[in-house]
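The same subunit A turns up in both complexes below, where it pairs with subunit B and then with subunit C.
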Partner chain A sequence: MRKWSILFAMAAISTVGCFVYSYFDPDWWLPNTARDMHRVVSTFGREIDNLFLIILFVTGGVFIITQVVLVAAMYRFPDRRDEQGRPVRKAVYSHGSQLLELIWTVIPAGILVFIALYQMGTWASIKYRGSAPRVPPLAEITARQFQWVMRYPGPDRKLNTADDLVVIDDLHFVKKQSVLIYLKSADVLHSFYLPQLRIKQDAVPGLTIPVWFDCDEAGEYELVCAELCGWGHYKMRGNVTVHETEKDLRRWIDEKLAEQGRSQLAMIPGSGSEGGDRDD
Partner chain B sequence: MTDERASSGDPAPAPAASSGPADGLGTGTAQAHFHAHADAHGHAHDEIHPAPRFFLFRYVFSTNHKVIAVQFLFSGLIFMVLGGLLALAVRWQLAWPWKPMPILSRWLWSAPSFGFQMPPEVYNKLFTMHATIMIFFVIIPLLNGAFGNFLIPLMIGARDMAFPRLNMISYWFMWPAFVLISYSLFVEGGAAEAGWTSYPPLTDAKWSTPGSLNGQTYWLMAMLSAGLSSLMGSINYITTIVMLRAPGMRLFRMPMTVWALFITAMLQAFALPVLTSALIMQLLDRVAGTNFFQPAGATVANAPSIVGGGGPLLYQHLFWFYSHPAVYVMILPAMGMVSDIIATFSRKPLFGYKPMVIAIATIAGLGFIVWGHHMFMSGMNPMLGATFMLSTMMIALPSAIKVFNWLGTMWGGRLQYTSAMLNAIAFVSMFVIGGLSGIFMAATPVDIHIHDTYFIVGHIHYVLFGGSTFAIFAAIYYWFPKIFGRMMNEPLGKIHFFLTFIFFNATFFPMHIIGMHGFPRRIADSTIYHYLRGPGTQGMNVFMTISAFLLGAAQIILVLNFLYSLVLGRRASANPWHANTLEWTTTSPPPHYNFERIPTVYHPAYEYSVPGVDEDYLPQTMPRPAKAGPLDPIMA
Partner chain C sequence: MIWRSRLGWMLGCSFLAVAASGCSDAFNAGDLVYIEAPAMTQDLGPTQGNLKDKPRLREKVRAAMKELYGPDPQTIRVPKGMPLSNGGALLASHIEGGKDPGPHPILQVSATPGSAPAPQAGGYAIYRRNCLHCHGVSGAGDGPTAPFMYPTPRDFRPGKFKFTSTPSGRPPHRDDLRRTITYGLDGTSMPAFEPLLTPAEIEEVVDYVMFLSMRGQTELALIDEAATFEEGDAGEALDEETVQSLADSVFKMWRKSQSARLNPKVARTEPTRASILRGRDLFLASDCKDCHGRLAAGDGDSFIDQETFNKIVFGGNPSERARRAEELISRDSKKLWKDDWGNPLRPANLNKPMYKGGRRPIDLYWRIAKGINGAQMPGHYPSPFDDEKTWDIVNFVLALPYEPTLLTDAPQNAPAGTAVADARGR
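For the complex of A and B:
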C-alpha cells in the first residue's frame, strides 16, 4: 500500500528537477539568462528576475516541505492489518492543535506580506506614471490588427507632425538610454510584450499609455502581441533593433525617411503589410 | 422538545444540544426545523411530493434532487469528453503547427485550398470553446449541480431541496446553453473565438474576427442561460442548508462538503448578477447598437470609426468581479469533498475542522477583493495593482492553512489507499503546486513577464485539473456506490489514477517552464518567434502534446469502469466506506424520501477512531460515549 507514496515522491522530485534543469537550457529558462543570471539585458529585467528568483526559492522551499510531509505521512501511516484482518494500530484521535494552527497562520502570513511589500518598489518604478523618465518620447506605437504602427518624430523632433516617420513592426532605439513610448490601440486590445526586456503593457483603444524601458546590449530582439486580438493574433510580431549609438539610430531614421519620401505608401498604415499571408 | 422527539419515534436520548450556548450557532434553526419535520413525519410524509410513476416525470422532468444530480452528472461528463477533445486539437496545433490532423482536419475545419491546415481562427475557436465548456458546462455543474444537488439534502438529513421545482428548472436552464453553444459551431463565421474571457472590443465589433460575426452572440446567450441556472441553484442551496437541517445538525456539525457548497452558493448569488449584467451589456452592444464597452474613435477592420464613449476596461472589471469568485466556485466544493474523503480514509478526525470552515469563508470573502489581479497589465491605474497584489497575497493564506490541515489529518491516521483517497491526496499535492505558482502571478513585477504566458496556463490547469478534476474523480469513486447502489471496480480505478496522475503532470508541468521562457498563450504558431523556435521549446511542446493524448486515453479506463460498474458492479451496502456522514445511514441508492426517518445528529461528522468505541467510526446519528470526553470547542 505504501508504494503509492513513491508515486507522489516521484512527482515532487521531477517537478523540482524540471525547474533546476531548466536553468541550464536556453530554450526553457527566462529568456537569454540561462546558465548566467547576469546576462539579462535591461534594468527592469534585472529587478524582475531577482524577484522571480526570490519567489521561486520561497515557494520552492514551501513546496519541498509540504511534499516531504505528504510523502512521509503516506509512507508512515498506511492501514496495515494483522492475520485476523484487524488493524495493527489505531489512528490518533485528535481534532487539531491550536498551537500548530497559530504557527502555520502567522509564519505564512509574514512571508506573504513580505513578498508583497518587497515587490512594491519595482512595480512603482516600472508602472507608476511618476517614475517615467523625463525624456522626449521615442515613438508613438499604435497597435492594430495585426501590426504595430510605429510613428517616430521626424527632423523637427516632434511627434504628430507632417514629417514623422511611420514604419510597421520595427522598433529601433539606442542601448543604455531610457526609452519612452506612447502606446495606443486603433481597434481592439493588444499587448506590447518584450520578452527579453521583461516589459508588458496592454494597448487599449481610447487610452494612451506611456511605457518606458532600456536595454544594455545592442542587438536584435522581438516584440510579441500578448493579448488575444483576433484570428491573426499569433503573427503580430515586431522586430526590435537596439543600436550602439545615437548616430546609428539617426542614420536608420534618415534612411527610412528617404524611403518614405519616395513612396507615400508607408503613410497608409497597413498597406501591403499582410503580404505573404493568406487573405481570409 | 422531548415530546416532539417521542412523536417522531426517536428513542435516542437528548442530543448534545445541552452543551451550552457557546456552540449554539444554528441551534435555533435546527430546533425550529424540528417542528416542521416532526409534523411532516407524524402525519403523512408521502404528501410532500410523492414519487412519480410516469417515466417522463420520474427521470426527465424530475423534481427529485437525486435524479437532477444524475442529470447534471451525465451532461457534465459528456461535455467533459467534448472539452477534452477540443483541448487535444489545441495541443496538436501547438506541437506540429499547421500539420493537418488525420481525417479530422478534412472533415471539420479545413479545405483543400488550405492544404488541410487548421485555419488560425479555428485554433482560437478551439481554445475558446475548450475553456468555456470546461468551466461553465463541466466543472461548475459537476461540483455544484451534480454533487451539490446529491449531497446537500442527504448530508444535512433532509428529504429534498427546499424548492424542488426550482431545482428542476435550474437543470433545464442548462439546456438552452447546451443547444446554443453547440449550434454556434455551425453559424456563419463559426463559434466565438475571443477566449473564455470575451474581452471587448474584439467581441463587440462584428468584423474584428470571424467568431465575432455571429458566434459571440450565441456564446453570450448561452452564458446568460447557464448563469441563470447557477443562480437558481445557489438560492436553492442556501435556503435548503439554512432551513432543512435535521434536528441536531447545527451549522458547526455540518460536513465540510456542505459548508463549502453553502459558501459557494453565496459566492454565486452575490457575484453572478454582476456577470449577468456584463453579458447583457455586451449583448446590447452587439445587437442594439449601444456603446458600453466601445471607446470613441476606434475602428475595426477599416470600418467607419465608432461613435463610442464606452470603456473596454469596464467589461474587464465586471467580468472578473464575477469570474474571480467563480474560480473559488470551482475549487471550494472540491476542497470540501476532499476534506471529507481524506478524513474518512485516514480513519481520523479532520484536523482543525473549525479553522477549515473559517478558511473557506475567508477565501470567499477575500475572493471579492482580488479581481484586479487579472488586470495588472490591462492599463488599469497601476496603483490599484499594488492594492490588489496585497489582497491577492493574503488569499494565499487560508489556502495554505487548508493544505496544512489536510496534511495534519493524514498524519497519524490509518490511510486506506482507495481510488477515492488517492485522487483526494493528488488534489492536495497538485493544489500545492497550483497555489504556489499563483504567488508568482500575484507579485505584480513578476507578473509583467509571465502575464498571458503559458505560466498562467500551467497554473490554471494545476488548480482546475490538478485540483477540481482530481476532486471530481475522487468524488465519483467515493459517492458512486451511494448514487447508483453499485461499487466501482477498485483495480481499474487505481490504474486510471496512476496513469492520470503521471500524464497530468507530464502535460501541464512543462507549461510553467516554457511560460517562464515567455511562451505566450493563445498563439496558433509559435515558430514565428525566434526565441521560441529552439529545439527545447518546441520539443517540450511535442512532449506535452503526446502526454496530453495519453492523458486523454487514460480517461477511457474511467469511462469503461463507470459504465461497467453502473450495470454489473458489485451491489453496495449502505455504508461501504464506514463513513460518518448522514448519507451513509440510508440505503444505497437512497429511497425517494432519502431517509425512512429524519435522523437526529449528535456530533460533527469527523468522529473516527473514537476511544471507547469498538468500530473505528461513529455515525453522526450515534451519540458519543461519555468517556470520550467533551469535544475540543475551538477545533472540532
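For the complex of A and C:
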C-alpha cells in the first residue's frame, strides 16, 4: 500500500505550500501596512519579526526533514502480503539506538537554549521597566468591558487633572517618537494589542503598567483587545492614528479639547445638526 | 480490512456533521416577531389603560399596528409623516416599490437572492448585528444579554431617553441619539460605536432607534385609546382616522423636538475659584444634596440607603425585586430606589469624573438645567437656577473630583455668599 506514503507526502507539501503562499498574501502574512506587506513599521516589530522568522525557519527546517524521512520510510517499507493475506516481511524487534536518541535530544535542547539566550535582549528592551523611555506619558489608558478609555494630559501636561482630554477608543501619537502609556483595567483582564506594532500587554486590575512603543510611518492602525474578557470582547477595538509631526498631534488634541469644553451649540462651525429639522 | 471501512465511515460522518452545522442557517432566519406592550394583556395600574379583558379591542390594536408599521421586523412599513431621514429609506437595504418610497413604502428587509446588491446595510441590519443582543428585537431592552447588565439596556418603546438636550420629558434630538451611539454612555454597558460603525451607518441605526421608539409610543397610545371603549363597542373603536391622528401626534412630538434644543443663552462662566465656590454653595443650598448627598457620594436622603438597595437589587431572585422592595421600604418613607423603566438606580457619585451623558460643560448644563428624564433627577432651569447659577454648579461639578476637600471642608450650613467672600480674601 504505497499510496499512503503519497497521501502523507501531499499533506506535508501542502502545509509547506501554505507557508510559502502566506508570504505573498497580506491577509495571511504578519499584520503590516496595506502599502507594503513586508515592511515592519516599528522598532520592536523588527526585532520580534526577526525572532519569529528564526523560529519559523528552525521549526520549518525540522518539519521538512522529519516529513521527508517519514514519507521515505513509508514508501520504502509498505505493508506487503502474500496470497493468503499474511505479511511477507518479518517484523524486527529492536531496543532503538542510543546514539540517535542522544542526537535528537541534544540538538533541540541546543536550539532552545540558543533561542532563550538570543531573545533576552528583545524581551528586556520591551518589558523591563528600566528600559522605558524617559519621556512624559502620552496617555493613561483604562480598559473596561468593552472599551478603552484614554486620558491625555491637557494644557498643564499633567495626567489626572481637571483639564485632561478624555476620549474613547482613540489613540493618537507622533511617528518616530518613543511613546509611553500607562495601562490600567477597571474590571477584568484585558490585553492591549497593537498588531502592526507587535505590542501586546495584558491590562491587570489593580496594576498600572507602563507600555512603550514607536512607529515610523504615519497612518491609521488598529488597537484590539487580545484577552477574552467577556461576551463583548470581539468589539473591544480602537482606532490608532500616527501623526507626521508633533504639531499635527497637538492640533488634534486642541480640537478635541475645544469640543470637550463646549458650552454652547452655536460654537459648532458648519455642523448642520443644530436648529432646524433637516430630515423629512 | 474491516477497520479501514469503519475509519472511512467515521471520517465521512464527521465531515458531514461539520458541513451540516456550518451550512445551517436555522440560527439566522426564523420568524422574528415584535413583542407587545405589556398593557395589551396585563393591568399595570391606573396610569396606563389596558386591554386585559378585551380580546376584540386587542385584535383591533394589532391590526392597526400591522397596517402602520408592518407585520414583523423583517417587513417594515413607514407610515405617512414619520420624521425619519429620506422618508425612512435608511431603515433597510432592499426597498420594495421602487426608488420613490411614496406614502406607505414597504421595506422588505430580507434581501431576496438575485436582487440587486444592496447599496448599504440599512438601520435594521446594523441594529440586528450590533444592538439587538442588548436592546432586543422590538427595542424593549430585553435582548439575550440584557439580564446580565446593570443598569439594564434602554427600553425604547415608551419614547423616553435620559440624555437629551430637548425640554424635559420630550423626545430626544437626533444629535442626542447620535452622540449616545457614537461615544457610548460612560460607566454603563452601552458601548461606543465610533470604532465599529461609519458615520453613515450610525445615521442609519439612529433612524432605526427612532422607528422602534415611535412605534412603541404609537402602540401605547392605541392601547390607551382602545381602553376607553367597552369590549362590546369594539366595532366603533380605532377607525382609520383616529389611528392616523394618534400616530401623527407621536410624530409631531418628535418633529418638534428637532428644533427645540436648549441652547444656553450665555457661554460658560470661567471656572474661577469664586465661581466654583458659588457652585458649591448652591449645591449645598439646593435639592442636589438631598439625592447626591452632602459629600456628593450618591447617598442622599431622598434615596434609600446603599445597604437596603443592595438587599433589594442583589439579595436574591431578580424577578422578586418588587416584593423585596415592598418589604424593605416602608410605605410612608417615600424614598426612591428605581427609575421610570422600573430598573433599580442610585444617584451618581459626583466625586468620580464619570458622566454617562458626556463631560462637556454643555452636557452637564443640560443634565442640571433640564434633569435626566425618567431617572428622578429634576430640571433646575429657569428656576431655581438662571444661566449664571447653572454654570457655577457645572464648574463646581467639574472641579469636585479633583478637589474632594471642596465638600469635606465646606462650612456646615454656610449662609450663601460667605464662601465667596472667603475666596476673595485669600
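The working rule: the second predicted complex is superposed on the first by the 244 of 280 C-alpha atoms of A that agree within 3 Å, B and C clash if a C-alpha of one lies under 4 Å from a C-alpha of the other, contacts with A are read in each partner's own complex, and residues count from 1 in each chain.
In the analysis below, a contact is a pair of C-beta atoms (placed from the backbone, for glycine too) under 8 Å apart; a residue touches a chain by one contact, two chains touch by 3 or more.
Just so it is clear, the structure is predicted and the values come from calculations on it, not from any experiment.
Chemist: May I ask you to name which of subunit B and subunit C touches more residues of subunit A?
Modeler: B
Chemist: Which partner does A:A9 contact after superposing on A: first (subunit B), second (subunit C), both, neither?
Modeler: Neither partner.
Chemist: Let me test your reading of the model: by the given contact rule, A:A218 touches which partner, first (subunit B), second (subunit C), both or neither?
Modeler: A:A218: touches no partner chain.
Chemist: Examine A:W231 and indicate which partner it touches, taking first as subunit B and second as subunit C; both and neither are also allowed.
Modeler: Both partners, subunit B and subunit C.
Chemist: What is the contact status of A:A132 with respect to subunit B (first) and subunit C (second): first, second, both, or neither?
Modeler: It touches nothing on subunit B or subunit C.
Chemist: Counting only touches as set out at the top, which of subunit B and subunit C does A:W123 meet: first, second, both, neither?
Modeler: A:W123: touches subunit B, not subunit C.
Chemist: Of the partners subunit B and subunit C, which touch A:T105 in the superposed model: first, second, both, neither?
Modeler: The answer is first: A:T105 touches subunit B but not subunit C.
Chemist: Given the touch rule stated above, what does A:D169 touch, subunit B (first), subunit C (second), both, or neither?
Modeler: Second partner only.
Chemist: According to the stated criteria, A:L180 is in contact with first (subunit B), second (subunit C), both, or neither; which is it?
Modeler: The answer is neither, since A:L180 touches no partner chain.
Chemist: Look at A:I64 in the shared chain and tell me whether it touches subunit B only, subunit C only, both, or neither; answer first, second, both or neither.
Modeler: After superposition on chain A, A:I64 lies in contact with neither partner.
Chemist: Once the complexes are superposed, what residues of subunit A are shared between the subunit B interface and the subunit C interface?
Modeler: 145, 231-232, 235, 237, 280
Chemist: Along subunit C, where are the residues that touch subunit A in the complex?
Modeler: Residue list for subunit C touching subunit A: 81-87, 130, 145, 165, 174-175, 178, 183-184, 186, 189, 191-192, 194-196, 255, 258-259, 261, 263-264, 267-268, 353, 359-362, 365, 391, 398-399, 401-402.
Chemist: Looking at the complex, which residues from subunit A come into contact with subunit B?
Modeler: 1, 4, 7-8, 11-12, 14-15, 18-19, 22, 25-32, 44, 47-48, 51-52, 55-56, 58-59, 62-63, 66-67, 69-70, 73-74, 77-79, 87, 89-98, 100-101, 104-105, 108-109, 112-113, 115-117, 119-120, 122-124, 126-129, 145, 185-189, 191, 193, 195-196, 198-207, 209, 222, 224-235, 237, 270, 278, 280
Chemist: Any idea which subunit A residues touch subunit C in the complex?
Modeler: The touching residues are 145-147, 149, 160-162, 166, 168-170, 231-232, 235, 237-239, 259-266, 273-277, 279-280.
Chemist: Help me check something: in the complex, which residues belonging to subunit B touch subunit A?
Modeler: 114, 119-121, 123-124, 193-195, 199-202, 205, 208-210, 295-302, 308, 311-313, 346-353, 355, 377-379, 382-383, 385-386, 389-390, 393-394, 396-397, 400-401, 403-405, 407-408, 410-417, 422, 425-426, 428-429, 432-433, 436-437, 439-440, 442-446, 448-449, 451-453, 498, 501-502, 505, 509-510, 512-514, 516-518, 520, 522-526, 528-531, 534-537, 539-540, 606, 608-611, 616, 631-632, 634-636
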